[in-house]
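Presented below is the structure to which this report refers.
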């Protein structure tokens, strides 16, 4: 079997570590160079002790020359760093960016939320995303050589709400989303509020009032699904767990729509999808059930007394929300079966 | 100093244990009888080992005769049990019910959500709650002999949203609330989904779509604040922490209202309140900071781009959300200073 | 490729669920019947929502007839239940017992710690265990048709201490072990002290003073390694995490032994082992790094000032400590490569 | 009532924050200056949001002039910083050091474990500690003007083992201790291994093999209790909880001693102590039960088959293990009742 080599730039962070974890389980991809910035020179066994089979690999400095020797380059870098690096990689190399640099199609939105110059956009790596024109995002990904992997919140929220918007059973106006994330979503940077003693036993919000950088990305996805601009209130919260996102997403019910029609929109959207699962009626998603897995678990309820639909999605922010999504896109780019090598079972309890 | 004796019925549960913890720190109340049902006969040291000074007290069976020998009776019983018991206690005894039996003023709402007969309503024990008529709920509590203490979610959500509704800066229509609770909020009953191995590392929703019993209670409070019926979507979630509620509450901004006017509504409502604190701009509440304390921490943001106000409240579900609220009401009923003996400092980290 | 069918009896518990999780990743084993007692008739999707690919399978009642239709039967039952069932299964069926019934070779030890009749012993399923005669436990497992999988604590502690005992660098007298376990190790039974609100934020010991049932099993293993009876103080503790065991094991240094000789004993024992890893000097095991993995991480230190060796081992109690060990033994029994299908990467952070 | 003013130097850390929390509940001590180094100028409300009543206080730079204006100065500084500062404070000021600088009486031991010059020793602030001469450590504390508060591990371990050593029922040779600490014990410094994503769900050891700085301090205390040098193997571990220490301490039983004699040693030592509690037989300490409290919970078991006594102690590392101990000593220094203002009830669940 042909094996494709994959370099991971930014391998010392949580996203990079998860890409490596998944590569070790992928039958047609091999781990190539692993690179880092300030951690260059360290053993992977020191940085990611859970990656036992790679313990003796050493992190190398990130250079375009080194990366260019691979079939695939996964970038797991701070925002702003991907654009310059990607420009120096061959057009024939598959470059999959886990950062934000190429996600937004609207330069003005980029500039409101980020402090580096707008770099343009790449095909958006959320294959299952329904769009108003009846296509899915995956149609842009087969054979692509540049892919922008979504953020973790956008993965959960977009997949949760898009079917109802695309089907017209909910209104694009006045979407309200509150999501809880495990603390690995905040990265490995040393910040006082991320210390274990601060986060254990505590819930707290951040980026309230529309300030979180994932807000325009979610709106972009949902507008594509609705075929019209959406209005979205998005509040993220930090939860005392290492991994997982639970997104509670509500939208106004379109007048005259029945609960059965609502549910059917999600059934239709995902019954053929391998990684997105609408649970049986009455069962609600738990983040623990997707830990380490590329699945999205969903449930939908209609609150007729107030005219709102509530959709709850659970994903692992590092797997489907980042690294699993990246390899799913890599599969599409390389012409492999989309599900190849991706975990479909959570590690619970 | 005169000491008032307090009996605690249902002392084996989490709410009862927290009432006892707070009574031990109250300078004018003493712990009287501690009663239970299936745990009668057990040492408190076995049931609540953290209550070291009461370790050798023994739980007695719950009888009206025993309870009636006290100045105050706090009921911490499953819903439906308080009504029968309260009917057998003297009218002159202060009876403070931590259960749901006497919270709802609308019998029809009770019957939609509970399976026991409607028992009527008592003065509602959330002293700070602003009402449309300009009074606070505390006006009904001074000298009261029957008080219905709010549920934990209603405490957090009602105090979060009521100021804006009372001031007219947000609309009573289309309120959307998502709240996360520590697992002690689900009580001490043995249910598989409450096992430690299930809850650690996991977030999950429940009672989605308007089904949670606290929904009508919150709506009742907010309607009283707005002076008009509210429409509320309420989704509770279970978070991997023992204590605490983080309520993220959003409401539509009234047309023409400025962010300063919005903030001022909350400043005006709570600047004189000892237990409800609007944080300085930019600081957001964390549940860890109210653990063991009777405080409510609040913050407000206006998301002008979507026309919504977001209010986040943190409370300890067992302290301000139950037992602290109960003793605050007891203070009012007995004519003591409202803050007497109540903790105002959280145990963090 | 030939696929072997595996029935799992007791599939509703944590051990059974983990066996199923690992079977889904095994290339030569297929999931056959999944059986339970009180949960028979339930969907696996309700009981183990993380096992998405098996969600629609239904738990069947446990009967020998059903189990006997498989190549392999894994028993994940309460102690005492395996013996009767195993007696009704064909001698040619591979029966792997995750329970305690057949672990102890000393009937008197069994009777001191268990309340069911002694049923005899089977080959002991800890392949890597060094023994005083120079063999490993795996020598009894190739082609075996009955295998007793070790308990989770015995896996960690025995592998931690056996090399030093077999090599004579530590004394079999006065071993002292303190181990911390995640709460899934206590099973899925509904006990008050296992509620999330009780375990989060808390450490507590149990079975102190030699009373834990794993004590004689550990002693049996270590005596086999030492070639002489050992004396062992073993204290287990419950830690606020779902999975994982951290065993801190100390033994008296044999007079005249150097630190290098001590370390060499562990190097020699495990350098060829695929699942047991002595970390580089200075790095200590963390349980998070083996979550979901079949690895054991070890480190050894010599405290010369007090004449003790300290060995720390981290394992996942459900993977290497139960289900992973069971499939590793199944591989040996069936003549497959010992490592086939077993995860070697932890899910961290 | 006379109020004593207390300055807290190093008020931005966890120990300093806990001193402030306890001062707010003390009836005869008032919060004076709160000082810090790099955090000087910040609002306490930003640094310790749980200390609501002090939210608007501002951290000042630490200077001897400022501190000297108080009756009491509590130092909560990194080791090495206390000595220079203390030398500039009046001899009449009560100075209570939560750091290590003045704990060790043996300069050589200091120099093996610390990298700053030996500064001498002060009376040791563990009032209940039994000593071989029949006195308690509190005899040196009444009226003292300089007090060295113990480390958190030494508090738990010394109180656990000292009674048996003082009574001669266990041997001073070959003590083996394994202790688990909440992560606040590691302080508020920004270290990668203390990030929430790293510590949640994980147990790990550190300072193994005698390297932890608390080792000589524990040995000093236990030698004083035994009246002879002890030999101690001490292994600390980091547990996924914010607060609490669970110390599992074992010692060899003195030949000919009965289990009743063993238990009696602990009964005698602590039956008159207000903060140290031997639990009823069969009940084991949990760290959750001492959160926020100045109590120590203990239990003792004799494992006759191996000739070891196992003593388990639970303390809150920040309360009795640091700040509570500091105020208990302050009470003694000022001639107040030793228990004044100290919490005796844990915040559980």
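Going by the order they are written in, the chains are A, B, C and D; count residues from 1 in each one.
By definition in this document, contacts are C-beta pairs under 8 Å (C-beta built on N, C-alpha and C of every residue); 3 or more make two chains touch, one makes a residue touch a chain.
The structure presented is a predicted model; accordingly, all values stated were derived computationally and were not measured.
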| item | value |
| --- | --- |
| Pair exhibiting more inter-chain C-beta contacts, A-B or B-C | A-B |
| Repeat of interface B-D, chosen from C-D, A-D or A-C - more than half of residue-number contact pairs shared | A-C |
| Euclidean distance of C-alpha centroids - chain B vs chain C, Å | 45 |
| Averaged-CA centre spacing for the pair chain B and chain A, given as whole angstrom | 37 |
| Per-residue overlap in chain B, given as positions that touch at least 2 other chains | 14, 182, 184, 195, 197-198, 200-201, 240-243, 286, 288-289, 291, 348-349 |
| Residues of chain D that touch chain B when the two form their complex | 14, 17, 21, 24-25, 43, 45-46, 48-53, 55, 184, 200-201, 242-243, 277, 279-280, 283, 286, 288-293, 295, 297, 344-349 |
| Chain B - residues contacting chain C, complex | 14, 182-184, 188, 190-192, 194-201, 240-243 |
| Of all residues in chain D, those that touch chain C in their complex | 174, 176, 178, 180, 182, 195, 197-198, 200-206, 208-210, 231-233, 235, 237, 239-244, 246, 248, 250, 252, 284-289, 291, 299, 301-303, 305-308, 310, 312, 314, 348-349 |
